[in-house]
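Paired with chain B in one complex and with chain C in the other, chain A is shared by the two complexes that follow.
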Partner chain A sequence: MSATADPSTATADPHGTAGHGHGHDDHHEPFLAHHFESWQQQFDAGKLGVWAFLVQEVLFFSGLFCAYAVYRMLHPEVFEYADQFLSVPHGAFNTVVLLFSSLTMAWGVRCAMLGQRNGLIGCLAVTLFCAALFLGVKAYEYSEKYHAQLIWAGADPLTVSPSGMQAGAGHLLELDPEKRAVGEQLEERLASTLHYLEFGMGVVGLLTLAAAVGIYYAKPERIGLAVVFGAISLSAIAIVIGAMASMGIHHMMHASGHEATADSEAEAAHMAEAEDEPPVHTATPGTAEIAGSTHGASVKAELSRPQRLGTFFGIYYAMTGVHALHILGGMVVLTWLLARAVKGHFTPNYFGPVDYVGLYWHLVDLVWIYLFPLLYLIG
Partner chain B sequence: MKRFPQCGCVASDDRTNGSNRKQRNVFMAAHAHDHAEYNPIGHVASKPMLLTVFFLLVGLTALTIWQGTQLELGTWELIIVLVIATAKASLVVLFFMHLRYDKPLNVFAFLSSLLFMSLFIGLTLADAVNYQPEVSAKEEDAASP
Partner chain C sequence: MATILETRHADVMPLGHAPQDNYLTHGRGFLSWALTLDHKRIGVMYLCAVCSAFLLGGIFAMLLRTELLMPKNGPEDVFLFTRDAYNQLFTLHGAIMVFLFIIPGIPAALGNFILPIMLGAKDVAFPRLNLCSFYLWLVGALFFVLMLVTGGLDTGWTFYTPYSTSTSTAVVTAVFGAFILGFSSIFTGLNFIVTVHTMRPPGMTWFRMPLFLWAIYSTALVQVLATPVLAITLLLLIAERTLGIGIFDPALGGDPVLFQHFFWFYSHPAVYIMILPAFGVISELITTFSRKHIFGYRFIAYSSVAIAILGFLVWAHHMFVSGQSAISAMVFSAITFTISIPTAIKIFNWLATMYKGSISYATPMCYALAFIFLFTIGGLTGLPLGTLSTDIHLHDTYFVVAHFHYVMMGGTLIAFLGALFYWWPKMFGRMYHERLGQISAVIVFLGFNATFFPQFIMGAKGMPRRYANYLPEYHAWHVASTIGAYTLGIGLVIAAIALIWGLYRGKRAPANPWGSATLEWQCSSPPPHNNFDAPPVVGDPYAIHQLVYDPDQSAWVPRQEKIVESEAMLERHTDAGTTGH
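Let's turn to the complex of A and B:
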């Protein structure tokens, strides 16, 4: 390290070189980089760097918002139609989860600045839990849309035959010999997909929990690794809870949908799995236009899937998918923070990483603040 | 004697007089304990402020859901939705991201991103509006030869 005495730091000498000659490194603060004069300078430099990154993030997401704006301006009817497939209760639940995680993140920064180690650990763990909960609900939403064949243009996942274009939702009925209502079949498929997810995540959660406990007792010096496994376990369990909560919301909507009138919002949100009649395919090649979807006793007006629905869902998956990737990235850095917080790295002088991750996390929240009303609410 | 500018405290503890870093850190820790809101580097968000911002955000979310699902406002809907979302975003940026207490340089950096985003989206929309009639005409030509 540079052991030259620095005259500019009159009040504080965080490098601990005052009164020492060359080579006396024992008082050096491990987290203050050599090229910074003070904790304040290191913090400010890092923060400006993070703001530059966030500026880039804003511009990056603005590309997606631009696609949304242009497409919405040119084809408002597609947005109006697609709006019914996006479940407001699930979106609202996720919004509150994300807002709450922002609160706990900001609270964690506060704890870090005040040197409250336990408070910081708790806040980071809750933030991580909320992030995974959000992903659990998203897993439900994506599964539901996949089974209802609400996917991006050009994709046709349930197609078995190579003819492609003629497949579509017709397979849903052909695959079921009892010819039950499509809504029931879709719910069954959705539930089975989510059961696989919940089972897999449950296994991951238990295994990583066992690994975390094992490492903690067998090798206490590898506490960081134990925390990482613990964080993965926490995330897996939160994803299971999120998926189960989504199914709960789904059943609540379903129950109220049967009692309410045809225009009720829950009913409209249910149109995704509510195609009782065999969908009729038009001969138009290259589109999956399905006509005639009514639900039970309801007198919902006949709806046909607009030609460009696939493009709307392309935009939907790009926007929410990239946002979900940011959540995943946030979970990785939160795990890193959690391990360092448990090791006691952060002090009132050195809390930069917590603050920077917090800024990033709030930006992810910020994007969702715009995504939720633009995708779920207005159509 | 050492002054703590953020809380206006003056320390009379002898330990602060020495240049020994360890002793000063001990004092800082004790001081931080006495005055829960002190940090040597930055502004500490108070608990009431964080909670107020959170409940405001939840309230605005409820408002935008109510407006989006219950009211029929036509073209105004988009504008109102964006106004509420921007109010929420401002709360997050100003308080959770503590930009209100931040350096002007960081504020400038963030505002510049908004400027370029509005240029990007605005110019693209203007372009799309102007050329869409030609694009539509060509599409129709291609569809019906």
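Let's turn to the complex of A and C:
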């Protein structure tokens, strides 16, 4: 930047922008903190800080992965059996969404480095959209599991302790085995829950969109707030789309004829088990009859329902839940970045925050890359 | 006469009237402290906070020692507290001391104040994150207070499952408090790592860093690498208690021993979070008050890092009787022994530093000497606990209690006190009361030994820990221990008086009252807001022999000037001599 390009610079400091002399720092370098000597030092400190934070995150997740390894070793049959209840197409869809969001995030960092403001805004918006899309699909999956009563051990009425007592007493969520939904009933209940979700999110999306537009026209100086509302609107709409897409995937799977329908068959097996079987872990030939002799996926349903199905779902909810919380955290910082990008804060000199959030986002993506095969693809 | 009175008056002026602009006078009012980004003010706020926590934890300790004065006849016999109340007392004492005092004590309070100045930086790398850490500590402490008023806690500070998932006390509140405190600790560690890596001024190479910084750096590594595992464990424990996810509940297919593994994977390295900064403090004190260059600088520096690394590989020695395979018990026992090597390296280097040194018994040095004695006992009694066969006998007895109090209290607390006396003049610009300080060190030392040495004997005889009652044969030992605890309490009160007296009545402290060569003594006492206006001149941090005391200026001055002066005088003499001829 030449001194003449900025008239205020030219009048205030005829020697141009060189140097870090005191007194003019605030004027020239609004985002260089006082205790750093240079942009480079500030950037390096931030970068090392975010890497250290990511190391911390990896160790945070490592506890969950460790628990996963231990319980898969202790109860291999539970994991083998439970896997059939997870829908690979939904997981795969989410994997693609997250991978794509990593691409747009990296692209956004590149735009920030080059000072391309519009490109940066676009990339951040797409990344945010993908994050919310992911949560929409996750919301579908959780709703489905809830209605099928595929839930963690303490709330699962079918996970029975060795003493013969039913688990779940005294915990926040306690399900009634009578209310377990299968087949058509499950479809109905799931669709109804998702309609509520879509309606709620749709209302939120429209209201926040109106707020964003209103603020933008009424108080242009509060552009940051308008962006925040806009980002919430975008996220709400993405969640609606995610839920609808999940329903679409679900119908596509079941429309493709007599194959698959692993879910409902397996659930039927699960159900039958609940009614007939004593809480002893033995092979139950009865399930094979219910599962029928249809193709492929139903073979797994012939396995007996393990006594402790809730063990798998305890880990499933812990891992995906903590991951989803990280997605939410990522959405918050992406919104913050978006507001700053719209305000034009980022320059080729100062793009650190975009870079740091990018690194964080890649880690969240990476964790999912491990979660997907470990949970969905083990059958 | 009038002038003397005036100078005396100037000496006892209250702090607010300090003539020069320093960090204490830079900005006034509550908000200038509550929203400060200055690492020194954050350090002082931490200091007040952790000392309050220490007071609370100490009161619980006194109460439980008092309860143990008398043996009881049967379960209905009550001396002062019911059995349930006793369970809460030792749990609260442990949890408050560990999470609120020892872990943040030296790194967050003193480290925050000293680290950037010692390094020659203006501040830590992320001042806002630093303030955030402090408020996280505060929120965590509030959760502990909330836990105190909503049912207390009786699980022991370790929160072992399955008891912690079934007791009716406020486990979730306490665990969530510890979870938040964990993030306070992580962010402090992260800040220090980045500060040491990126904020060193020109000339401050890794091997010119004072050993306190090496120790804090190693501590920070452990904080960042170990604490997140505790965080996820506590989160799972909360989920277990509220939702019943079954991960640690054997009735639901879970495994309570997994909780112990997770817990000790953090909590053993956390032992080094507690003790490593103390090692750093002792390295500074020994060399300063022996007036001698530190012996074996690189060995001490590397041994800190070695302890930090090895500390991650020994956690299961807490679980020799929890049910693990013989082979893994043997491996963990063997690694436990290796960790005594870097620790012993430090002790030997400190002794070698003192050898032929010119030792002065200022209060910080008294505490440093107490540290070496007590920590050595604590370390050596760790060996029978790390040995498989003897541990079976000693596990969960008073021997363990005595061992970790010798290390944690005889080590960390004593070093904390020594550091407080050492840096007090720098922090507040006033000298403490020297004689009272020395007396406090002696009383603390005697009281400490009277409290915990009998516990080694009781433990070896089989007295189990965490029991509110005992057989009559242990009575005399328990009485001795309780009397020792009261003595210790009195010693600590005297130490507090010596320090607080200094705030109001102490002599004004010079920039370098001890003749140390580390950078924090180059700026005024108290330090200015920006620490250094120009980047400081960095040299050997232990070139203590370069500084000599000049009684004329009542200050430590570089030996070089002294030599030049005396040479000049010599020359004048010679000149006079020649002219005389």
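The rule we apply is simple: the second predicted complex is superposed on the first by the 278 of 379 C-alpha atoms of A that agree within 3 Å, B and C clash if a C-alpha of one lies under 4 Å from a C-alpha of the other, contacts with A are read in each partner's own complex, and residues count from 1 in each chain.
Please note the rule applied: contacts are C-beta pairs under 8 Å (C-beta built on N, C-alpha and C of every residue); 3 or more make two chains touch, one makes a residue touch a chain.
Owing to the predicted nature of the structure, the values given are computational and were not obtained by experimental measurement.
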item: Which partner, chain B or chain C, touches more chain A residues; value: B
item: Touching partner for A:44 - first (chain B), second (chain C), both, neither; value: both
item: First (chain B), second (chain C), both or neither touched by A:55; value: both
item: Which superposed partner A:154 touches (first chain B, second chain C, both, neither); value: second
item: First (chain B), second (chain C), both or neither touched by A:35; value: second
item: First, second, both or neither for A:100, with chain B first and chain C second; value: first
item: Chain B versus chain C as contact partner of A:69, first or second or both or neither; value: first
item: First, second, both or neither for A:374, with chain B first and chain C second; value: first
item: Which of chain B and chain C A:366 touches, first, second, both or neither; value: first
item: First (chain B), second (chain C), both or neither touched by A:78; value: second
item: Touching both chain B and chain C, residues of chain A; value: 44, 48, 52, 55-56, 59, 62-63, 66, 70, 74
item: Sites on chain C touched by chain A in the complex; value: 121-123, 125-127, 129, 186, 190-191, 193-195, 197-199, 224-229, 231-233, 235-236, 239-240, 242-247, 249, 251-255, 258, 262
item: Residues of chain A that touch chain B when the two form their complex; value: 12-14, 16, 18-19, 27, 39-40, 43-44, 47-48, 51-52, 54-56, 58-59, 62-63, 65-66, 69-70, 73-74, 88, 92, 95-96, 99-100, 102-103, 105-107, 109-110, 113-115, 265, 348-349, 351, 355, 358-359, 362-363, 365-366, 369-370, 372-374, 376-378
item: Complex interface listing, chain A residues touching chain C; value: 33-35, 41, 44-45, 48-49, 52-53, 55-57, 59-64, 66-67, 70-71, 74-75, 78, 152-155, 159, 161-163, 165, 167-168, 170-173, 307-308, 310-311, 314-315, 317-318, 322
item: Residues of chain B touching chain A in the complex; value: 19, 21, 24, 28-29, 32, 36-42, 44-45, 47, 50-51, 53-54, 57-58, 61, 64-65, 67-69, 77-78, 81-82, 84-85, 88-89, 92-93, 95-97, 102-103, 105-106, 109-110, 112-114, 116-117, 120-121, 124-125, 128-129, 132
